[in-house]
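You will see two complexes here that share subunit A, one where it goes with subunit B and one where it goes with subunit C.
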Partner chain A sequence: MEPYKFDVNNYRNLLKKYIASQDEKSLYQAEQFSKLSMQHNISPEEIINVHIQALKELYPDLPTEIDSSMNFLLETMISYGLAYQEFQSLREKQGELESEISIAANMQQTLLSTTKPDIEGMDIGAISVPSHQMNGDYYYFVTDESNNLGIAIADVIGKGIPAALAMSMIKYSLDSFPDTMRSPSVILEHLNRVVGQNVANTSMFITMFYALFNYKTGYLQYSSAGHEPGFYYCAAKDQFFEIKTKGLVLGVSCQVTYEQLDITMEQGDMVVLLTDGVTECRIGERFIETEEVLEVIRQYMHLPAQEAVESVYRHFERLQDFQLRDDFTLIFLKK
Partner chain B sequence: MITKSSVQINKEWDIVGARQMGRELAKDLGFGTVDQARIATAISELARNIYLYAKKGKIAYETVEKMNQKGLKIIASDQGPGINDLSKVMEDGFSTSGGLGAGLPGVKRLMDYFDVVSEPGKGTTITTIKWVR
Partner chain C sequence: MNLNIERIDNGETQELKLAGEIDAYTAPQLKEALLPLTKNEGTTVVVDFEGVNYMDSTGLGVFISALKSTKENNSDLRLVALQERVRRLFDITGLDSIIDIESTVRGGK
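Then we have the complex of A and B:
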């Protein structure tokens, strides 16, 4: 078939053929014509104008009633043409926004990156996957010279860009705490003040679990600011226990104290830290039960920690048809 | 030869009068059917904005010429409340979200030249030109 140009001659010939034969081929060509017109940003009123011209050339004695009615149609199409142009420009704008967000997401990954420490006698696995482009979950590792490992895991209630912005604040506050300030409850009290002062009146809440682990003694102290409880696996009893403490989410009230508890990890024990993206995994219409989460963890926990968290993630990803509804973060700490 | 004329906008039916005068001038200048319809739609939008937000104002017409090209200049002016955030109003999707019309970005698309000056509390003047192709 010959290439289509948007001109009256081409259209007139097509129209003439169709009026004579009423064949499907001409209609198919009309479809091609309309697609080509869209590619060249031809508005509906211009197509109608071409139609009117072609009609007048084919039927010089066109009744004035038909002529007027075609002009009437042209007038009514003007606003549709405008709406179409606006739609095109909004679509372009959307493309720009999407690429901007993806740059921001990369930036976020660079800003918030944390290095998983390599500690003899410990096996640590960590994974954090956003449900959209920007992650509202966060984890953080820090070590000091007294055999201590600090671990933070946090979740901004709310997703997307505002959540990601808030996370940068958390990271830089954590970075600025001196080595001497290690107690989980004190760290959470400080962060609570930082969050309260900086995001007051934004209805943004941040939950966080902070643990300080001495990898020589196995002594683990922890506090929680309303965060999803983690689990402690005791190898001797072959049982999971919930790690739960009382504490208000960050940023709600300025004067909050956080309860601090502790456990001692023995050889073969494991601590599991997570966000609600794991525990509130949805299968069809229902939320997953804690027992089911633990079953899945148990299924993979014999693997090296990093491989284990990745396997658990892939398991849940598949359960949810590869569509995460919330940011997903999971940490295994194996002794 | 320069022609100047104008239509006062005080009630909704004046919009029709404004369209009519614009269309006749456009026809005389040699605009095609599509451009006549575009000019009429732009006038509608401008006159409607006056009627809705300023209550009264006027649409003025001038024939203009540059380098063998003829054009129609349309000036919509009012002493209404003015526009606070011009860049917002000129954004696509802002005024059209409720399906109320083409908005100022629509007028800009329909015409070849578009300028708006507005002072909150004092009024708005919108100048547009369409050139004969």
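Then we have the complex of A and C:
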């Protein structure tokens, strides 16, 4: 094929060849011509202009009616040209926004990252998989001098960038609690006020489960702000129990108190914390039942905790017609 | 899956009959239908959930907005005929303590 040249001669030759032969090859070259024209930001009316010139060169005594009709076509294409220009500039802007969002998502990862503590006699596993670019789920670990481990798991409802911003707010509020004030119900009451004051008049809200665990005694206190209930696996009974307390989601009403309950974990026991991305999984048109989730957990819970949570996720991911509709977060705390 | 919204105008009582799924895709449509109704003082807005087989947390956000709006505008919001799965969501989030939800629950999914 001849090297591409964007000019009227090139177009005229192509057109001439096509009119004479009406072959596929010329049509293909016309397609290439149009693609290259787009790459060079050539507007549709410019192509028609080139067509008119080529036509006049090929047929000097073109009927005036055809000539006028071509000019008419040229005029009508002008708005398309403008729309195309606009499309081009929007596409550029979209590219810029996408790259900014991906930078923001990376920053979110860095800002919100929490270190899974290494505690002797404890085995902790945590996985959080976003369904979109920005993760609306969040988990947080904090330890203190008195052998306590604080664990928060949260789901910001209202997705995207506003949710990510709300999450940073939660993280910094949690960071600012002194060690002596880490009782789960007190933390949730405080966070509820923070969220309420800052996300008023939106449909955004946050669910959170907070647990304070003494890893020397096995004593675990917990409260929930409307969060998906977790599970307590009691090794002695070889049974799962729902850990559920009453409490309104954060950010809806200012005067809320949170119920606080407790359990004592023995050797071999496990606490499972999760978000509704786990329990609201779908396989095709069907929802996963809680019993099925527990069966899957049971299947992998003998593994080291981190490997176990990852295996549970991979198990769901491998299922046929599995769709991750919501962010998926799962934490195992094994004693 | 879609959400169908049928509005029944009974003067002071405005009813919305919902059928389908309430999720991130259909929630904006629900919000658009529901919120304006809550802005009329003295109105009771009844939302019939009988045909709703699925709702996710985005849907809850719409009802939280609607509830806030009833407080500001002196109107009422009442949810009726919730299927078990949907009812559970209001229960877990504690929203059943601040939203008027009819206590009878329809079975099935």
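To be clear about the criterion, the second predicted complex is superposed on the first by the 331 of 335 C-alpha atoms of A that agree within 3 Å, B and C clash if a C-alpha of one lies under 4 Å from a C-alpha of the other, contacts with A are read in each partner's own complex, and residues count from 1 in each chain.
In this section, a residue touches a chain if its C-beta (ideal position, glycine included) is under 8 Å from a C-beta of that chain, and two chains touch if they have at least 3 such contacts.
Small disclaimer: the values here were computed from a predicted structure and weren't measured.
J.: When the two structures are superposed on subunit A, do subunit B and subunit C clash or fit side by side?
T.: In the superposition, subunit B and subunit C stay clear of each other.
J.: Is A:Arg314 contacted by the first partner subunit B, the second partner subunit C, both or neither?
T.: Once the two structures are laid over each other on A, A:Arg314 reaches no partner at all.
J.: In the superposed arrangement, does A:Arg325 touch subunit B (first), subunit C (second), both or neither?
T.: In the superposed model, A:Arg325 contacts subunit C only, not subunit B.
J.: Is A:Ile78 touching the first partner subunit B, the second partner subunit C, both, or neither of them?
T.: A:Ile78 contacts subunit B only, not subunit C.
J.: Thinking of the overlay built on chain A, is A:Lys216 touched by subunit B (first), by subunit C (second), by both, or by neither?
T.: Neither: A:Lys216 stays clear of subunit B and subunit C.
J.: Would you check which partner chain A:Glu46 touches, where first means subunit B only, second means subunit C only, and both and neither mean what they say?
T.: The first partner, subunit B, only.
J.: After superposition on the shared chain, which partner residues are touched by A:Pro229: those of subunit B (first), subunit C (second), both, or neither?
T.: In the superposition, A:Pro229 contacts subunit C only.
J.: Please determine whether it is subunit B or subunit C that touches the greater number of subunit A residues.
T.: Looking at subunit A, the partner in contact with more of its residues is C.
J.: With the two structures laid over each other on chain A, which partner does A:Leu248 touch: subunit B (first), subunit C (second), both, or neither?
T.: Only subunit C; A:Leu248 stays clear of subunit B.
J.: Mind checking the angle subunit B, subunit A, subunit C on Cα centres after superposing, to the nearest 10 degrees?
T.: 90
J.: Which partner does A:Glu86 contact after superposing on A: first (subunit B), second (subunit C), both, neither?
T.: first
J.: After the two structures are laid over each other on chain A, how near do the C-alpha atoms of subunit B and subunit C get, in Å?
T.: 19
J.: Which subunit A residues qualify as touching subunit C in the complex?
T.: 155, 157-159, 201-205, 207, 225-229, 244, 246-249, 252-253, 276, 280, 287, 325-326
J.: Hey, which residues of subunit B end up touching subunit A in the complex?
T.: Per the stated touch rule, the residues are 32-34, 37-38, 40-41, 92-93, 96, 101-102, 105-106, 109-110.
J.: Contact residues on subunit C for subunit A in the complex?
T.: Counting only subunit C, the residues touching subunit A are 23-24, 31, 54, 56-58, 60-62, 64-65, 67-68, 85, 92-95, 97-98, 109.
J.: Which of the residues in subunit A come into contact with subunit B in the complex?
T.: By the definition above, subunit A touches subunit B via 45-46, 49, 52, 71, 74-75, 78-79, 82-83, 85-86, 89-90, 93.
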